[in-house]
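One chain, chain A, appears in both complexes that follow, with chain B as partner in the first and chain C in the second.
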Partner chain A sequence: MIRDSDDVIVKTLARLLMPFIVGFALYVLMHGHHSPGGGFQGGVILAAGFVLLCVSFGLQWTQRWMTRKTAELFSSIGVFIYGGIGVLCLILGGNYLDYGRLSRVLGVDVAEARSLGILGVEIGVALAVMAVMCTLFFMIFTAVDESGGQGGEQ
Partner chain B sequence: MTTFFLFIGIAMCVLVLLCLYRATMGPNVLNRTAGISAIGTKTLIILLIMGIVYDRIDMFVDISMVYALLNFIGCLVLAKYLERSREVSC
Partner chain C sequence: MEVTLLLEATENAFRIIERAREHALGLLDTAVQFTAEETHYEDQKRVHALFAGAQRRKTRFQNMVGTTVIMFGFWLLLSGIFDAFHLTLGFLCSALVGVLFHDLLFSNVRVGDMRVVAGRFIAYIPWLIEQIVLANIHVASLVIRPRMPIDPKVITFKSKLETDVSFVTLANSITLTPGTITMDIKDGVYYVHALSKKVADDLNTGEMEDRVAHIFMEADHLYVQDVLDAARLYQAMRI
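For the complex of A and B:
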């Protein structure tokens, strides 16, 4: 179990840095089509901010907001958004992930419907990637503790 | 001006090799950690210089910001691991 860090510098830096990390992740996510980035990269930056919180404030404190079950739920929701947009295009008479068909549902013209469809898919990908990264982090850092090899301090 | 930045970039690459020597051959874990951290900061500068040389600085600033962020978090996690696992023998 990662314990609470008693270092003031690390805690203050994490508290100051966290809003910028989330804001930058959202920027990378939204500007995926005209700058480097996209859903996967935005999700990885979100998960990195989560790892920073976990390292500086301890696993117990972080698990009040994000337990392993919540992470698994979020990964399912992300995959559901991705697949749901694809199947919605299929229902409306196009191919799978053919965003132009969404213009009838959203009430905008075809070009803007394509842009919005790509944005929706990228939000789904970001949610899934963030949740899977958090699940991996939990699995790694609790497996070490259960074996009793490393965490002999308690 | 591009030639100037190009030569600065080449000098930075040579400095990265020196830091890599310290990171692989370091006597203990703390030297390796410091070497890896120095390589991270130098890579950030090299990315920005590449952005100036290729005239796409707006793209490379994003990449270097993410690199700095991940470098910081990686160093923090490594320090946390060393704090737990008493491997540091200075």
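For the complex of A and C:
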């Protein structure tokens, strides 16, 4: 188990940077169809913010926002959003992830529907990536505790 | 004879009843007094809770709005696309960040003083840049001489600063200035590595510390806004 930092500089800067990291992650996510970035990158930046909180303030404090349960829930929700949009296109008579078919549901023209569909898929990807990254990091963070008695990955 | 006995008995009975009544009245008084005290105490507790709760809610709301506004400015700076769709997205995202992380940005800062702090901080930056340029020239002149007359040492000093934000501002200003590096802060004591006697002396005069204390209004500032807030709350409760 990694201990939380007792350095006032690290703690304060982590505290001040966290909202900006999350804001930047959301910007990268939402502008994925205009500029470099997208779901995966946004999700990784989000997860990096939580990792920063975890390293500087400790696991206990980070669990105000992100517990292991929430991370697992969000990873399933992300995959569900991605798959749900794909299957919705399938139901509406197109191919899997054929966003143009969403125009009838959303009430906009085909090009706009494609843009919105991609945005929805990106949000799903970002949620899943963020949650899986957080789960991985939490597992690494608490690994020594659990393997103290037994050892190994059981 | 019998009549007197009867009279005495009646008198005794009356006396006993009187005493019992007095006793009951006393008990009742005590009970009323206790209840009153209890109610008074409860009232006080309720008022205190109301005061603390209102203050906390107000601070929380201000923090949320402040974080949202700052995040929206950050978003506009990054985005560069100003159609309604992206602005709405930006507002939603900033509001999300504001609700989630409302207690991170302002956890040790008084919201009423934020504008003054921001203004003084911006005024501090040119002075810092000037110091950095001067120290740069000094360090370059040290390094460029063949004898290289450096005198590295660790200096420690106790700071008069109070909050963590001011600690970090001073520490990072010291690190940004060439020739000095903040190694650690432990309980308000700075451990700084200095390259030569001149930079160490510059640090020991404490001018940078005074300026940082001035930015964050520490050690010499009366928080007028707090007094005004408290007065308004008390007035609202008395009516």
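What we mean here is this: the second predicted complex is superposed on the first by the 143 of 154 C-alpha atoms of A that agree within 3 Å, B and C clash if a C-alpha of one lies under 4 Å from a C-alpha of the other, contacts with A are read in each partner's own complex, and residues count from 1 in each chain.
Basically, a contact is a pair of C-beta atoms (placed from the backbone, for glycine too) under 8 Å apart; a residue touches a chain by one contact, two chains touch by 3 or more.
Owing to the predicted nature of the structure, the values given are computational and were not obtained by experimental measurement.
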- Query: So, A:V129: does it touch chain B (first), chain C (second), both, or neither?
  - Reply: neither
- With the two complexes superposed on chain A, say which partner A:A113 touches: chain B (first), chain C (second), both, or neither. neither
- First (chain B), second (chain C), both or neither: which does A:W65 touch? second
- Message: Looking at A:F24 after the superposition, I want to know if it touches chain B, chain C, both of them or none. Which is it: first, second, both, neither?
- Response: both
- Message: Looking at A:G37, would you say it contacts chain B, chain C, both, or neither? Reply first, second, both or neither.
- Response: first
- Touching partner for A:K11 - first (chain B), second (chain C), both, neither: second
- Return first, second, both or neither, reflecting whether A:L52 touches chain B, chain C, both chains, or no partner chain. first
- Item | Intersection of the chain A residues that touch chain B with those that touch chain C | 24
- The chain A residues in contact with chain C across the complex are 7-9, 11-13, 15-16, 18-20, 22-24, 26-27, 30-31, 34, 65
- Of chain A, residues touching chain B in the complex: 2, 5, 10, 21, 24, 28, 35-37, 41, 45, 48, 51-52, 55-56, 150-151, 153
- Query: Any idea which chain B residues touch chain A in the complex?
  - Reply: 58-59, 62-63, 65-66, 69-70, 73, 76-77, 80, 84-85
- Spell out the residues on chain C that touch chain A in their complex, using ranges where they run on. 67, 70-71, 74-75, 78-79, 81, 86, 89-90, 93-94, 96-97, 100-101, 104-105, 107, 164-165, 167-168, 171-172, 182, 184-185
